[in-house]
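Contents: one structure, followed by commentary.
Should a chain be cited, it is by its letter among A, B and C, assigned in written order, with residues numbered from 1 in that chain.
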Amino acid sequence: MKSTRPPAATGTERVAGVSRTLAEIAALVGGTVEGDPERRVEAVAPLASAGPGDLSFLANSRYARAARSSAAGAILAAPGEDLPGRDVIRVDDPYLALAKALPLFTPPPPPPAGIHAAAERGRDVLVGDDPDIGPGVILGDGVRVGHRVRLHAHVVLGAGVELGDDVTLHPHVTAYSGVRLGNRVLVHAGTILGSDGFGFARGPGGLVKVPQIGGVIIEDDVEIGANVTVDRGTLGDTVISRGVKIDNLVMVGHNVQVGADSMLVSQVGISGSTSLGRGVIMGGQSGAVGHVTIGDGARVAAKTAVTKDVPPGMTVAGVPAVDIRRWRRGVAALNRLPGHLKRLAAASRRHGEFKDD
Amino acid sequence: MKSTRPPAATGTERVAGVSRTLAEIAALVGGTVEGDPERRVEAVAPLASAGPGDLSFLANSRYARAARSSAAGAILAAPGEDLPGRDVIRVDDPYLALAKALPLFTPPPPPPAGIHAAAERGRDVLVGDDPDIGPGVILGDGVRVGHRVRLHAHVVLGAGVELGDDVTLHPHVTAYSGVRLGNRVLVHAGTILGSDGFGFARGPGGLVKVPQIGGVIIEDDVEIGANVTVDRGTLGDTVISRGVKIDNLVMVGHNVQVGADSMLVSQVGISGSTSLGRGVIMGGQSGAVGHVTIGDGARVAAKTAVTKDVPPGMTVAGVPAVDIRRWRRGVAALNRLPGHLKRLAAASRRHGEFKDD
Amino acid sequence: MKSTRPPAATGTERVAGVSRTLAEIAALVGGTVEGDPERRVEAVAPLASAGPGDLSFLANSRYARAARSSAAGAILAAPGEDLPGRDVIRVDDPYLALAKALPLFTPPPPPPAGIHAAAERGRDVLVGDDPDIGPGVILGDGVRVGHRVRLHAHVVLGAGVELGDDVTLHPHVTAYSGVRLGNRVLVHAGTILGSDGFGFARGPGGLVKVPQIGGVIIEDDVEIGANVTVDRGTLGDTVISRGVKIDNLVMVGHNVQVGADSMLVSQVGISGSTSLGRGVIMGGQSGAVGHVTIGDGARVAAKTAVTKDVPPGMTVAGVPAVDIRRWRRGVAALNRLPGHLKRLAAASRRHGEFKDD
């Protein structure tokens, strides 16, 4: 958090009247209090800007010094972190504890506002209980929407789109006809679901479009970031399975299958018909060619290009992707290479065996 | 299509009453029937989910086993594929045949709905015959739109934008003032045409914006994916030539020229004033610096960084880009390098000639 | 500017009645006239399409020949460029001179049109003088907007968003609740400010969302391109400092700090909590992992992956990033490697010391 200016705590709105003891928080997050269990905090703040009324957290040892000098009233920290003289809530995973504690201090969403007068509904639209549907939202013919759905301004749902319960779509999300979302799906602004796959055949007169008539299925508990694109299947469906998390500006091609609980970090691109198993992690700006399989639990390092199947559990890196240990040896060797080549050339000149090209 | 769950055929809506004989389909796609030419199919489906009433296709040999075990009623396949006991339509290019056959089974677009009451028109707007202009569409002053144009919800056209005939713009497409599209152009949701180029000069007080006053020309038969950005020229125009196909999340910089029938795969980035010839293919996540020329028919592998001119017809790869054969030799050598260096170091120690650094 | 077709001068609208002498222009841009100081030009155009009534510019020596054969009436050029027989305005930096001269020939923006009837305002919204707020704009509860603000069609501002004076947001920009913009900020179409950071903890039942309750601060004189995403902080703020320029399709993660006057070229990705100093330049498609610091004035080459701190002033390249000189030596060595390995293997066979693997 080394920054050119102290981060202001703008976004961190305090919820009036909220106050919790460290004992209460520890009980919620499954931790133990070191220090005063009756101490009260009213908000959560980063180490650098936290004050005596704030809870903060230490989830990465590189911020240990910042934690020791922080003015925070209490700190969520792992057993190994030495924080002398501080009120600490010890937990196995401070980041998970933060996830559990934050809702205590976060204002609840506003009550559902119903359906705005400036929303447009086609024929045969079904909307569940307690909707919050904003201005400029377009619900095409035959759209079916579950209970407690929040559709922010200018969301566009094509004909026949189906959403489960407790779905939130942020402004300007577009779901084309033939897209189905499960329950508790969250999609950030500007994301496009169901655009045509990139399918063109080469005819005598030039490129010929292959009609894209498949759909998109987004299962329960998926979160998708901003300005993502998920193409519809050519035939059949593109599938994002239960619990998958997708970061901003990711591209998912037609007929891709993403297995449950996988994570796609920002700017990942996955070409058509490639299949990811369960719990796969693809790092930022990595990509995969079409028609390959990435096995359960595999990890793809940032910037990597996957060009063939990856076995379950393997971590790969490089262009083209290889086992990350092999890639690391290659990088290390490459770094030593110029010196080696220089000595090799010198030796070769002595032996008359090498000519540099 | 190895997937963690069987793909459902959701998106593949059947068009009521459609039924075609294999002979009819073969005549349309220029193929020959092996088996029963009077057999009828009612839909097209992927190999894994196709049933006896479905036509499917085998365009990639890695799915040959799936084709042999598919329940599809008939399969489009190339001459070399062995599909004993099946009804097959033999064609030179099954993917091209699929492109031709699919429209038989695809529902036609709904009839044009006119101009929605919740669209906004500026002064001196001209709209051709049979428009389908959705809610929230904004047509700026002096916009001119051809016949049979479909503008989906919330499309925004700046002052003076011109569209040809049979143009389709999906939801939330923005065309800034000074953008001109030809006939039969298709643009997917969220794409931005005509934003300012990234042009800043360095002045004594910091960066100074260079006004971007050029335009964008999109010629006939271009298809552009979702959430793409095409910047306007600084002076003169950014040009996407006839028949070009652009995938999602691609960036085309100011004054770029993309030659006819070129293909830009997802997440490609092209810097300012670079010029692509005809029929260039740039692979996913590849990029090009500014002010270079990529010749007719050149191919750029995925993830490649083009940093200087590429001759016509050459295939390049790597960072920086080199002839792909040279790149492959480099990758192969790098993979063998750690072993070589180890042996080299051992040999050197014997000869006293090398020191590792 | 070698292109498959001559670029038309479409975008370059001439402003009726505008005409300037070279002496006037030279005085404005701090240059000296070679040739006729009383010559008049009415517009600015690229070298290839400029005519006798146009001013053009030569900012890159690779276009020197195009300048000599251009029909332009006058050319902005640096002292070293030989342009015999031409009317030239000599300047130290022709690109900076272009930036200063262009506003003379550019039509002024239309006068502010007030607040469109089809814009939506929540409770307690404050709007300054001379607004230009288009159709479909949504101003959430408590939004505060400065003077002379232009909000194009379908801009969405969440509850409590604050904008300074002279801010321009192009169509479909979304700013979530908790986003604050300074003065003279320009944001292109489709950009999303304040979406949730990609923060998930691993719980026993799967991934657990870490609520993202921080904000986003965009300081004065920032320009952001199209379809960019800037995530809100987890706690505290994501900060884009004064004068920063961000190109299209860039991703800025949660709690990132971008120092003043930095430039992020297209498709850059910056992971959470990473900090950039002042005047950093990140090339196209480069990225940085989370929690690292890139020092003042550092430069990151296109396609680079920054994986650890970069000292101030250093230029880095490669995956992972190293000093660019070291990277260049590695690339050069790699290009020579296949030949070396071949000779090495031959030598080894003679000496019986090497076996290829």
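Heads up, the rule we're going with is that a contact is a pair of C-beta atoms (placed from the backbone, for glycine too) under 8 Å apart; a residue touches a chain by one contact, two chains touch by 3 or more.
Owing to the predicted nature of the structure, the values given are computational and were not obtained by experimental measurement.
Peer 1: Same or different for chain A and chain C, where same means more than half of the interface numbers show up on both copies?
Peer 2: Interface between chain A and chain C is built from largely different residues.
Peer 1: How many degrees of rotation bring the Cα atoms of chain B onto the matching Cα atoms of chain C, given to the nearest 5?
Peer 2: To bring chain B onto chain C, one rotates by 120 degrees.
Peer 1: What's the distance between the Cα centroids of chain A and chain C, rounded to whole Å?
Peer 2: Computed from C-alpha means, the inter-chain centre distance equals 25 Å.
Peer 1: Tell me, which residues of chain A touch at least two other chains?
Peer 2: 136, 154, 172, 190, 227, 249, 267, 285, 319, 334, 337, 344
Peer 1: Tell me, which parts of chain A touch chain C in their complex?
Peer 2: Answer in residue numbers: 1-5, 7-13, 44-46, 48-49, 56, 60, 62, 93, 95-96, 98-100, 102-103, 105-106, 118, 134-136, 152-154, 170-172, 188-190, 221, 223, 225-227, 243, 245, 247-249, 261, 263, 265-267, 284-285, 302-303, 319, 331, 334-335, 337-338, 341, 344, 348, 351, 353-357.
Peer 1: Can you tell me which positions in chain C touch chain A when the two form their complex?
Peer 2: Going by the criterion above, the answer is residues 120, 136, 138, 154, 156, 172, 174, 176, 178, 180, 190, 192, 195-196, 198-203, 206-211, 213-217, 227-229, 231-237, 239, 241, 249, 251, 253, 255, 257, 259-260, 267, 269, 271, 273, 275, 277-278, 285, 287, 289, 291, 293, 305, 319-320, 322, 326, 329-330, 332-334, 336-337, 339-340, 343-344, 346-347.
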